[in-house]
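Shown below is the structure under consideration.
By written order: A, B, C, D, E and F. Residues from 1 in each chain.
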Amino acid sequence: MMRKPLALVALLASFVADLLLSSFAVARVVLAPTIRTHPAIVAMPVEVRTPWAVALLACFTSLTPGSTCLHVSDDRKRLYLHLLDGRNPEASIAKFRRVYERHLLELER
Amino acid sequence: MIATLLMALGVLFLLIAAIGVIRLPDALQRMHSATKAGTLGTALTVAGAVLALRGEGVGSGALAVLFLLVTLPIGAQLLGRAAYRSGTTLKGIEQDALADDQERPGTSSVDRAGGDI
Amino acid sequence: MTILYAFCAAAIMGAALYMILSRNLVRILLGLALLSTGVNVMLFVAGDFGSRQPPLIRAGEKALGEAADPLAQALILTAIVIGFALTVVLATIVVTGWRSSGSLDARDLDAAEQPDDPEIREPHAD
Amino acid sequence: MRAIWTRPSSRTIRRSGSRTLTDAWLLILPVGLPMLGAGVAALLRRRAGVAEAVSLVVHGIVLVGAMMLLGRATQDGPLALTVFGGWPAAIGVGFSARLPGAGLVLVSALIAFAGAVFGHAAIGPRRRRAGYDALMLALLAAVNGAFLTTDLFNLYVWFELALLAALGLVTLDRRQAQIGGAIRYAAFGMLGATAILAGIALIYGVTGTLDLVTLARVLGDEGPSVATATAAALLVGGLALKSGLVPFHVWLPSSYAAAPLPAAAVFAGLLTKMGFYALLVVVAGVFGLGATFLTPALRVIAAATMLLCALSALAQTDMRRLIGYHVVAQVGYMAAGLSMATPAGVDAAVFYMVHSMIVQANLFFGLGAIHRATGSWNLRGTGGMIRSNPLFAFLFAVPMLSLAGIPPLSGFWAKLLVVRAAFAGGAAWLAVAALVAALLTIVSVASLWSEACWKSLKGRRVRRVPWSMLAGMAILSGATLAIGLLPERVAIVAKLSAAALARMGS
Amino acid sequence: MTGIVDWLELPLVAALALAGWRMVRGPSAADRFVAFDMLTAVAVGFAALTAVSTGRAAFLDVALGLALVNFVATAAFALFLERNDGAGE
Amino acid sequence: MFVLLLVALLGSCIVPLSARYVGKGAGFIVALLPFGLAAAFVAYAPVVERGWVRGEGIAWAPSLGLDLTLRLDGFSFLFCLLITGIGGLVAVYAGGYLTDKPRAERSRFFTLILLFMTAMLGTVLADNMLLLIVFWEATSILSFLLIGFDSRSARSRRAAIMALQVTAGGGLALVAAAAMIAQVTGNWSLAAVAGNAPQIVASPYGVPIILCVMIAAFTKSAQFPFHFWLPNAMQAPTPASAFLHSATMVKLGIYLLARFEPVIAATWWGRTTLITVACVTMAVASVQALRAESFKSALAYSTMASLGILVLLVGLDGPAATVAMIGFLLAHAIYKAALFFCAGSVLHATGTGTLRSLGGLARKLPMTAIACTGASLSMAGIPPFLGFISKEFLFEAQLESSWELIPLAIAVLVNAVMVGVAGVVTLRPFFLKPVKPVKVEHPESVSLFMPPLLLALAGLTISLDPDWITRVAIRPAVAAVYGRAVPVDVSVWHGWTPMLGLSLIVVAIGAAIVRWWRSIHAFLRDAYLIEEIGLERLWETTVRGLLRVSAAVTGWVEHGDLRRYVVTTAVALVALVLWSLAVAGAAIRWPVVDALRPAEALVALIGVGGAVAAVRARNLLTTMVAVGITGFAVAITFMVNGAPDLAITQFTVEALLVVLLTALLLAVPLDAARSRRPRQRAGDAAIATAFAAVMFVAMVDMTGAGHPTPAADWFGRMSYVAGKGLNVVNVILVDFRGFDTLGETTVIAVAALLGASLLGARKTEPQPRRAVHYSFAAASGPLFWLLIVASVLILWRGHDQPGGGFVGGLVAALAFAVFALARGVRSAETRLRARPTTLVAIGLLLAVLSGLPGMIAGGPFLSQLWWEPPAGVPLPKLGTTIAFDLGVFLVVLGAVLTFLFGLRREGAR
């Protein structure tokens, strides 16, 4: 009964935190004497199935550090993410799945 | 005082975002700057303003921030894919998983005509 | 500040005129849009902008205190909307022209031979 | 729960009693009813017949109302004024039945009514479904609004409305030539409107008011300043563009050629004159005839317009362009009258306006009828009208002769007044220019008559002109004859107009 | 308060100028549209600062309006980009 | 006289209808009108005889100086008799002449002839110069219509146009003269001209007045160099030629000159000019008369010569000249009309008018031959015909005047030529043997030979019994022209006088001309030079040249290049401003320099930067974006200067423009290659800079004048009290200046109609495409509703807070734009459920109708009514402004959607 609201709060909290972190990360990159980025486009498998959840996931991934969702595959099974720092894509994907998709799956139920 | 601080911080982030838009090497990377730092900067500035007005206009301010939070990522997704699909030059890209899913022309006609000033 | 705004209005209008003097219909269209923006600034300069307070009467008060010129703002608002309407209409005409003639060059406006008016000849043809 | 509908107490009602009430209704009628009609016609435009019926009824009522309004305007006593919303004069936007505006409302109502009658056969259901009736009604509202308004900015709004309605009519058929004409029309319409708006901005900046009467008083009291002189020039330039004075006229003839009849007729009759009316009000009323910084340029513009456009008309073989040039040349005569900066000159300009609005609309009707009968806009492809349609030939001869200034038609008195005013104002050269242009006009009109009416059309049958077209022409030809034979009424209206404009600021 | 807010406007103007620069300068269309998003954010910031300096919450309404409308512009830009290469149809 | 003119006018319209029903006799019926009028005029004889003047006047249009004043003196009376008398004969003759024509055409001819008669009567009776001009020009127009009567013939049309060009031009000169005279003397009376002669001549308008009068007279009376239209006018049916181009209309010039003689004579050059022109005309006409090949043109040239003689006689001083002028006027009218009738009969009978191929017609057309002989004898001046008497007068006048012999010599020669022409036109067709047999298709009829016969007879009887006509017509006419009574002795035999000697010389030379006509004619025919230097050709060349100039000028002005039009307009506008400033001569007022707020200044400068970037960009997308930056900066400028309503509107408009213009840019190529050469660009930059500079200066001066805001202050005070709203801008828009808004709303409604008409035509739906973006599509539903709710709030709160119908409508349109962008136009349309134009129409109706309740309540249109809840009830106040604003909202929404759907669809094609 309480899982959904909790999931929502957790989702928003981690989002705000991520937004802050992400902004500082960007600031660091931008203000560095020389711009050093390692962009990459990666595919992230998606577990959530409901359309709104996929959309929300895409949005959250877009607002967190160094990533923007470019495209949702037609079968809604993959998100394609542009990463500002693509040196370790697996870690980034794992983080998204851990931080957001978990809560979304919770909400989806 | 807190209000001023918030506003100052917000303005600072907006400025950083703008610098990012200038300094980052390609459109997708610039988008990161505009979306993240820009949203935060805006939210902080509006929050500061609402505080400074002693809560007057909190409804409008909150709605504005909320709306930005909803729309900026969607806008970023839209623009991002569009940029990708229109063939915008992507500097130093190390991996392109999207290439399997989406066609991507060599150079966009928009861009060919675009850099003229 | 006044003189600066006057300069800006004039500069915008001048730039707009330069664009209107082009031969590309879309540039002319954008120039006209710019021109109406310039004139709006001019109207703004014409109003009294000694105060930065908006012409909104504070709740509980009966009259407007010191505030920017509301009449000039009303006029500009009308002008903005009319300018917008004209710009959009012109855009529509340009795109229709482009579809029918395949040219955006103002010199080609007259090129087409004028066929006679179909409807006057055959009044109920349609 | 007791609900009370109130009118805020602070409003000042200028006059009370039934007459004021009638004035208020009469004053809004020529604009409000066409607007309402435009709304209804737009709503019902899919049913072409209903839209046409709405349009005819509205035009008829407006015509009757305009007659009553003119009666009110020429009556003794205070002129009717209504300020919308009931605000004090000079604060709100108002309409006033002053001269010459009220007289011109009648003329425009007459022309529009004739156009509605003429359009019965000329406008098919496709055009009606595309919004023809609503656009024509909107145009009428715009023109009448300009003639009646007491507010400078409101005048600008009417110009924009007229511009858009005209644009809509020009592009009604979506033919390529029309699109070309429309682009030109739109671009120049916007340029003119911008100049006018810039002038208004300067005037507002200097005076803080937009009420024409107040402006006349304020600007009359002060000497010219850089801002007001610039504003005057911008207004004159913008309005010259609207009314098609040389060298601001270049866009006009081809745009008129693009419009469907009878819209072109209404353009010729009403649109350019709307511009000139505003010029009249600005020069003779707001700035006053004492503002001599306008007259030298105006004289040159007037002479150039008369001569250049009458000359240009000579070589035209497209009848619409031919008459289009004459439309412009005629505005030159009006400007010549105005440029004398004397009451006699303004008087002449007003008379000329009344005459020329009717005649030019009628000429375009005539072209439409010729085209209907012969299938051609080009002089070379026309002919035989006098034998196939003798009544048409008579109805067409009236505006043609009047345009050429042949007595005793309205055009003669109009030209005479201009020539007299020029002599009286010490500008004999302007009178000479007017007469030379008149000769060129005669030459052009004679060949138009010879080609379209006399010449026989080999190998082609000339069709009958439908009765509705003839009826539309008969209304205007009758008016031209009436003004020609009984010019006194119009002459008095013109004199009163000149006096009213001169009095505006006092 | 007003004095400080006036000073806060300056970095905002700088941001505006930078975004405008990127918008005009491109080089790609996508760059311009990214800059437009930036512009929106800066304008919202301006609205907030104006609200403070005038003491009128009405300007926050402007901020809300801006946030509402400019998203649509971004979407239109994106669509323009997608379709300009014929990929969208 | 009014009654007579009115009868003539109405009769002209009614009587000819008889020709539709009566066949051959129609001419006699129609002739009743002129003859009846003639009889009525004769009734005035006792008045005229005593030297009295009959005047009548009715006020007509006093404001124009036009009164219907008629004046009948001896001179007018003579003309009236000629006009109505010959007019009657013409009607009779035409009845016979036009038997072959369709009845409608005959009826039309009679109408024109009778109208012409009316116009002639009016001209000679009018005292008010404007009235005279009215009739004068009417004769020109009727002449035009009669010359072109056979309108299928290109020659007729050409001749008619030429005649109109010349005579109407003269008419304009007369208008100028009248206007100048009125300027000098302050009245329009023709009779007063003689009395005011010194004043007129002394005025600065003296010379132009006389020149204008002369031009008017010379064009009408076919004097050199305006003579060439007359021979061509013979394209008219012969009855018309006889009436207009010989007996009456062409004499109007003489009439005018005679009336103005006191003014002309008051200058040192007036008479000389008249006599010179007359002599040249006579000489030219004589040569041409001998060259003429056809009967009618020989007569036409002799008419020209006769008109020359008449001008000469006006020019000569002394009473004898006046007597001669009147005498010759009368004689010429009578014999020349008769000769034209005969020429017409010959033409009618044989179908040819060429003199050389005619002959031996005396037997076939005996009565015509008699009439022709009689008239010719009069023309030749053989006693005892009237022509002889008039010629005697002529030579007497010559000898008595103070002029040298050259005019006399020319007059003698011209008269000899007239003798020759008279002989030739009688002998050749009727009495000499034809070269080849001439076939007569129509025998002569009573109506054809009676009129010339009567005229020939008149020529004889008048000279044999001149008393009545002298008393009634000639003497009063002379007195009227000369200004006082002159004894006139009209008799055939004056004894052996020098004049008789001259007459003999004339007859002798004339006889020689008749004898050797063939060779003279052949010689002159071959002299191409005469043809070459003919002014007719010069005139035609001039007219053609004018057409070429016209085409060239039009081509040069109307070159079809929009850019050059805009250049012209912009340069003219700047020039107009500079001119106005130069004449006004005011100095710039500088404003008090206020503090520079750096942030705001920079914002404004960024706006300028955007404009500059727009100028420099060659890619249309860049240009649009740069223009957008300017709009954005301007919106922020509005915002920071206390204009939240403007800012929100401008921002919304900018966003919508992006949505709509990107659709345009999708359809067109983005690369705007340079279309101007560098020099053109430099010129354009100069123009733009000048324009900007002018505007800048004006704005500086404007702000230097201070910012008086009387109206704005009033609005600020009254907005809440009277308009029930806290947002002053909105109260102005919906209430104080609601009428502006109503007009503007109509503007938008009309724009929507235009858009629907232009964009709605294409029914081809683009291929349904997949959702643009997954997230966007998913979010579009909530976003739509969010925007709709926002738009309604903006509309609702607009009266007190920033917002209102306009912005509300724009935001609502953006809601649909989200849908259209995310899911396609079709689904947005489906969501709307109605046609956008229906919204527009309903909105417009709502806005207009919202003005009526207040009106019904007794106020003016758009008087807003308010309903306030009773105290303590928690309901908002309601006003008709809400209906008004809702109307605006709907119009804006519908209009933007019209364009949104149409343009997006257009862009997707």
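Note that contacts are C-beta pairs under 8 Å (C-beta built on N, C-alpha and C of every residue); 3 or more make two chains touch, one makes a residue touch a chain.
All values reported here derive from a predicted model rather than from experimental measurement.
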Contacts common to subunit A and subunit E (chain labels): B, F
Contact distance in steps, from subunit A to subunit D: 2
Most remote chain, CA-based centroid, reference being subunit A: F
Maximum inter-chain contact count - chain pair: D-F
Middle chain, criterion being Cα centroid separation: D
Gap in Å, rounded to a whole number, between the CA centres of subunit C and subunit B: 30
Separation of subunit C from subunit F, taking each centre as the mean of its C-alpha atoms, in whole Å: 38
Length of the line joining the C-alpha centres of subunit A and subunit B, rounded to whole Å: 16
Subunit C and subunit D: spacing of chain centres that average the CA atoms, whole Å: 24
Per-residue multi-chain contacts in subunit E, two or more chains: 12, 16, 24, 26, 29, 32, 50, 54, 56, 58-59, 61, 64, 66, 68, 71, 75, 77-80, 82, 84
Where subunit C touches two or more other chains, by residue: 13, 20, 28, 42, 45-48, 52-54, 56, 71-72, 78, 82, 85-86, 89, 93-94, 96, 106, 109-110
Residues of subunit B whose C-beta touches two or more other chains: 17, 19, 28, 31, 35, 39, 41, 67, 70-74, 76-78, 81, 102, 109-110, 114, 117
Category of the chain touch graph - line, ring, star, complete, other: other
Which chain pairs touch, all of them: A-B, A-F, B-E, B-F, C-D, C-E, C-F, D-F, E-F
Residues of subunit E touching subunit F in the complex: 6, 9-10, 12-13, 16-17, 20, 23-24, 26, 29, 32, 36, 39, 43, 46-47, 50, 54, 56, 58-59, 61-62, 64-66, 68-73, 75-80, 82-84, 88-89
Contacting residues of subunit F [partner subunit E, same complex]: 597-600, 602-603, 606, 609-610, 613, 617, 621-622, 625-626, 628-629, 632-633, 635-636, 639-640, 642, 644, 647-648, 651-652, 654-656, 658-659, 662-663, 665-666, 766-767, 769, 772-773, 776, 783, 786-787, 790, 794, 801-803, 807, 810-811, 814, 817-818, 821-822, 907-908
Residues of subunit E defined as touching subunit B within the complex: 1, 4-5, 8, 11-12, 14-16, 18-19, 21-22, 24-35, 37-38, 41-42, 44-45, 48-49, 51-52, 55, 57-61, 63-64, 66-68, 71, 74-75, 77-82, 84-85, 87
Complex contacts: residues of subunit C adjacent to subunit F: 1-24, 26-28, 30-31, 33-34, 37-38, 40-42, 44-59, 61-64, 67-74, 76-78, 80-82, 84-89, 91-96, 98-99, 104-107, 109-110
Contact footprint of subunit F on subunit B as seen in their complex: 67, 70-71, 73-74, 77-78, 81, 109-110, 113-114, 116-117
